[in-house]
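Each of the next two complexes has chain A plus one other chain: chain B in the first, chain C in the second.
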Partner chain A sequence: MKVEGRALPWLLLAPALAATVLLVLAPVMETLWLSLHDVILYRPRSRPFVGLANYLALLDDPAFWESLGNSVIWVIAAVSLQFLLGLGAALLLNRQFAWRGIARALVIVPWALPSVIIGLVWTWMLDFNLGILNQVGVRLGLLDAPVAWLARPDTAMAAVILAVVWQGFPFFTVTLLAGLQGIPREHYEAAAIDGAGRFASFRHVTLPGLAPVIATALLLRMIWVANSLDLILVMTGGGPGTATQTLPLYAFLRAWSGANYGYGSALAVVLTLMLLSVVVTYAVRSARERSA
Partner chain B sequence: MKRRTLLAGATVLAATPLARPHAQKPVTIRWWYHFDDPKMSPAGLVEQFEKQNPGIKVQAENIPWGGGADYDTRLYTSIIAGIAPDAAMVKFNNLPRLMEMDALAPLDKQIDAWPGRSDISEDLWKLHRAPDGKRYYLPVQFVVLYLYARQDWFAQKNLKLPATFADFEGAAQALTGGERWGFGLRGGAGGHDHWCSFVLGGGARLEKGGLVSPEALAANRWFIGLYTQKHLFPPSAPNDGFQQVIGNMKAGRTAMTIHHIGSANEMTAALGDAITAVPVPRGPQGRGWTTFGDGSNAILAQGSNQEAAWKWISFLSTGEANVAFNKLSGQVTVTTSGAQHWAFQPQRFMDATTASLPIAATLPPTPQTADFTRTVWPQTTQKALLGQITPDDMMRVFEKHFFG
Partner chain C sequence: MKRLRLLLGTEVPVACILAFALFPWLWMMLSSFRPDEDLTRSPVRIIPGALTLVHHIELLQRTSFLDNLRDSFVVATGAVMLGLLLALPAAYAFSRFRFPGRRALRVQFLVVNMFPVVLLVLPLFIVMRTLGLLDTYLALIMGHATFTLPFAIWLMTSYIDGIPGDLDEAAMIDGATRMQVLRMVILPLVVPGLVAVGIYLFIASWNEYLFALMLAGRNVRTVTVALQMFIGENEIHWGLLTAGGTVVALPATVLFLLVQRRLVGGLTGGAVKG
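Showing the complex of A and B:
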């Protein structure tokens, strides 16, 4: 009976574990293995073991460092702006007003759209000749002349960040809104009795109440944004030049377009190791929350 | 004795497949294709073929193109995984890689015995010979890139349609102003075709040292300077892709651009008689270069139904079937008989296509070519257009990419 009792959780977990091993662990190990070989897709008979040569090569690769720098800008700007916008929207949607239900439903729309569609929509909205942003900007006198947002290295990154912020802020809105609804009303009433104004209530009641949700949402979103490449691929392909080429996009281009799976895998492994620190933080945090 | 022989003969006969007409299973071949317009379906052609060949079923699989990279990589991975289709549409730029993988079945014997061979011009057969002298590709469609021009604007300014680089630059300058630009450059992926016309046509050569020769560097400096110094292309040119270039032309933002007959109907629907086409202009030495956009079918070596696959792909390259095929693909028939009654685009665009043939060429079939067109060319050219590197640096990157 004891053995049965011990085996039962494993038995119940077995399907999920098997799927994880098959669909996650095995591809990760395969990627690690590929990264130690010179794998050119169209030379299937020649896959020499090169040890850490791919990793050493990327240390001397200016495109790697540039992509890494772009990734840092991309993640920090996108996640922080999504968070701020999402928090603002959540606070608004937590108030009572007419048609609130519809507003709550509508805010989720960008999150529900496929990235490719969002990329195409924003590409045309930002288009130099035909885009609505330039048309409206020029007519309202906000712009002297149309701007080639996606073709200028000083605006291209900002333009793709704008698109990903629009796509991703509903995640924060929905998550934080759920968190806001979990803060007991009595805490606000107690703060009001103590003479706290709106800002003080926000600082001493809302933010501490939301802190666990904010931390989890930020960690999750950082991982997603750091890994995402679809929006950039559709909008700029990493250009102009390499102005918007992030690390996952660079890995994708080297592996998928350049057919160099060895080097592409090494890039992917490096990105994974960097994200692992965030993942470990998230896992530790989740474990702590569960035990609490 | 006689009776015994007859009985023995009958037994042998009964054991042969000939005696059992229903024993043979129909063969199903998988064929990968891509049309620019995803709404187009080859179902009608498949039905027609299957009626003519009752023992063969064709499973046509539409594979996403993704600028060529998606299609090619899917093909390579299917070969490595051992699940390649029996036949697939292919282009020159993936021939060296497919050859290196030993993935293609040579078609020389079939082509030599094929009645349709003489209906395809010798020029096309020459272009379709692989570096090892064999033939792996059966031509099914082609286009030749030409120069679109707003003839109404040219007439208003009393300009002649450009035949030389000097004509081209003069016209582009005259037609640039306000929210209008002389030439719509495709600076994003696929734009190497534009660059090739002016830089390879201007003196660069795709051979060792040929991209950094004085003529090559001069041609490239001139071409990049049209954007960086003379501002004859829209500011968005470094990132413009196919949709933007065609959209700008249709919206009256650009006076000229380079594409092929595949977009002729779309252009005339938007601009009517105001749009025409001429061969791309020639360089100072009278040299010209335009992209020959090939399209072929190949049979994959690992397939077990090569005979049936040949029947299918040769059907697609034959007379009326090839005309019907190219009506779907939006390109041009490879058959001489089909070209005689070609009426799917206005004649002036077909004339420009034909007139461009003498300078039509392809990039060299090397393993580096695909990566050049997909990644190296757009990234490097964009940097030169934005002034992040010099035009000469740009050519040195290309030379290194191809020749080390």
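Showing the complex of A and C:
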């Protein structure tokens, strides 16, 4: 009984662990291994070991640096806009008004939709001839003429960012709203007694109260946005040219269309290492704050 | 005066945000009911001249969309069952036992969530091809269930944490083994949790695209892949596409609205605890 007691949690965890090792950790190791080889998909028998050659090639690859730059713009713009819009919505939905319940439920809708459909809807709305946005823009005098948003290198990135902001802002609304509800009312009352106005109580009560939720939500979203490629894949495929090609998309395209698994794997590994460094920095900092 | 301030300061901005959140979705639905003359017309008419079901009918009769819906349904249902089967015992172990390595393991499950899908999907493609599982239900079910496992376990653990441990002990004093406790005490009490986690798994699988594209796509073609292929054709048929989008978005949206509060609770519980 005693022995069974000690082994039991491991027995219960075994299926989940086995699945994770088999379908996540093993593939990750495999990718690391592949990245050290010259692997061409339709030439499965010969995969010579090339050491770090793929990683060195990457340094001289202008497309890599360009995708990295695109990724930085994509992540910073998407996450900050999602956050600001989500925070604004959360603050508004935290106030009292009659139809608050319905508003809180409906604001989540974009989050529930598949990326493919979101890409499709925005492609439709941004269409040059038939899109509603060009139509409304022209009619209101905001645009002189319809713009081929997704076909122009200077507007394509902004267009896909618009779509991902739409998709992702409800996540912030929902998490920040839960965080707002966790701030005790007494703190606001105390601030009011001390003569704090609206802005002061936002700065000294709301923001500090929300800080841990904001930090975690930003981190989770950043990882998600940095990794996500399906929305861009559907809307522009990385184009026009390479205007919207982010790092994961470049890795995917090199491995898949280019059939160069070794190089694609090296790109995926580099992306993972970058994200890992962000996560580790965050973990170390929050651990230090907790112990301080 | 107070009423006016509420209206201008709160209700109007909220209405604007809701309009932003809902407009694309409503526009897609509306487009799917408009005749082709309306959809191919420039300048666009915002108010439709007529409404029609032709695109929905064509979608179901002339394309493989019904098969795609069936494939998506089979994969998502399989992912729910496999996911729950893996998550429930793991969550029970995390909730009821204190053992060395427990914390590290819980963190490990979250770190797994961080790996880019591209990183996993490339080697998984090779693995599945070697196993002969490429383009089968099983490949997608396994992929989806595993990839959603970390959050499923996290959510499930918080549900089991909510069931008092005294119940387990009382049952064991009466001679039940741990497995009997899990089956006869925990399982009936945790049904709401199973429903919430199950719905999460269903939506995640139903909406997923990249695995479905890479690990299947020919014999087993889910709706997301099928819709994307409609776009790939030379002339985009927006009526069919928006009709397909409307049909696919419906189950996910309805299910999401049903369990949003529970999912959000689990999610933010995780976020707040860090």
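Methods note: the second predicted complex is superposed on the first by the 262 of 292 C-alpha atoms of A that agree within 3 Å, B and C clash if a C-alpha of one lies under 4 Å from a C-alpha of the other, contacts with A are read in each partner's own complex, and residues count from 1 in each chain.
Note that in this section a contact is a pair of C-beta atoms (placed from the backbone, for glycine too) under 8 Å apart; a residue touches a chain by one contact, two chains touch by 3 or more.
Computed from a predicted model, the values in this text were never measured in an experiment.
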Overlay on chain A: chain C relative to chain B, clash or fit: clash
Touched partner set for A:Val279, first chain B, second chain C, both or neither: second
Touching partner for A:Pro153 - first (chain B), second (chain C), both, neither: first
Touched partner set for A:Leu34, first chain B, second chain C, both or neither: second
Touched partner set for A:Trp65, first chain B, second chain C, both or neither: neither
Touching partner for A:Asn129 - first (chain B), second (chain C), both, neither: both
Contact breadth on chain A, by residue count: chain C or chain B: C
Touched partner set for A:Ser257, first chain B, second chain C, both or neither: first
Chain B and chain C footprints on chain A, overlapping residues: 129-130, 256
Partner chain A, residues of chain C touching it in the complex: 6, 10-11, 13-14, 17-18, 20-22, 24-25, 27-28, 31, 39-44, 46, 85-87, 89-90, 92-94, 96-97, 99, 102, 105, 109, 111-120, 122-124, 126-127, 142-143, 145-147, 149, 153, 178, 203, 206-210, 214, 224-225, 227-228, 231, 238, 241-242, 245, 248-249, 252-253, 255-257, 260, 264-265, 267-268, 271-272, 274
Residue numbers on chain A that touch chain C, as the complex places them: 5-6, 8-10, 12-13, 15-17, 19-20, 22-28, 30-31, 34, 85, 88-89, 92-93, 95, 97, 103, 105-118, 120-125, 129-132, 135, 138-139, 166, 169-170, 174-175, 178-179, 182, 212-213, 216-217, 220, 223, 226-227, 229-230, 234, 248, 251-252, 255-256, 261, 264-265, 268-269, 271-272, 275-276, 279, 286
Footprint of chain A on chain B - complex, ascending: 69-70, 73, 76-77, 79-80, 97-98, 100-101, 179, 187-189, 234-240, 244, 247-248, 251, 253, 367, 370-371, 374-375, 378-380, 382-383, 385-386, 388
Of all residues in chain A, those that touch chain B in their complex: 41-44, 127-130, 146-148, 150-153, 156, 236-242, 245, 253, 256-259
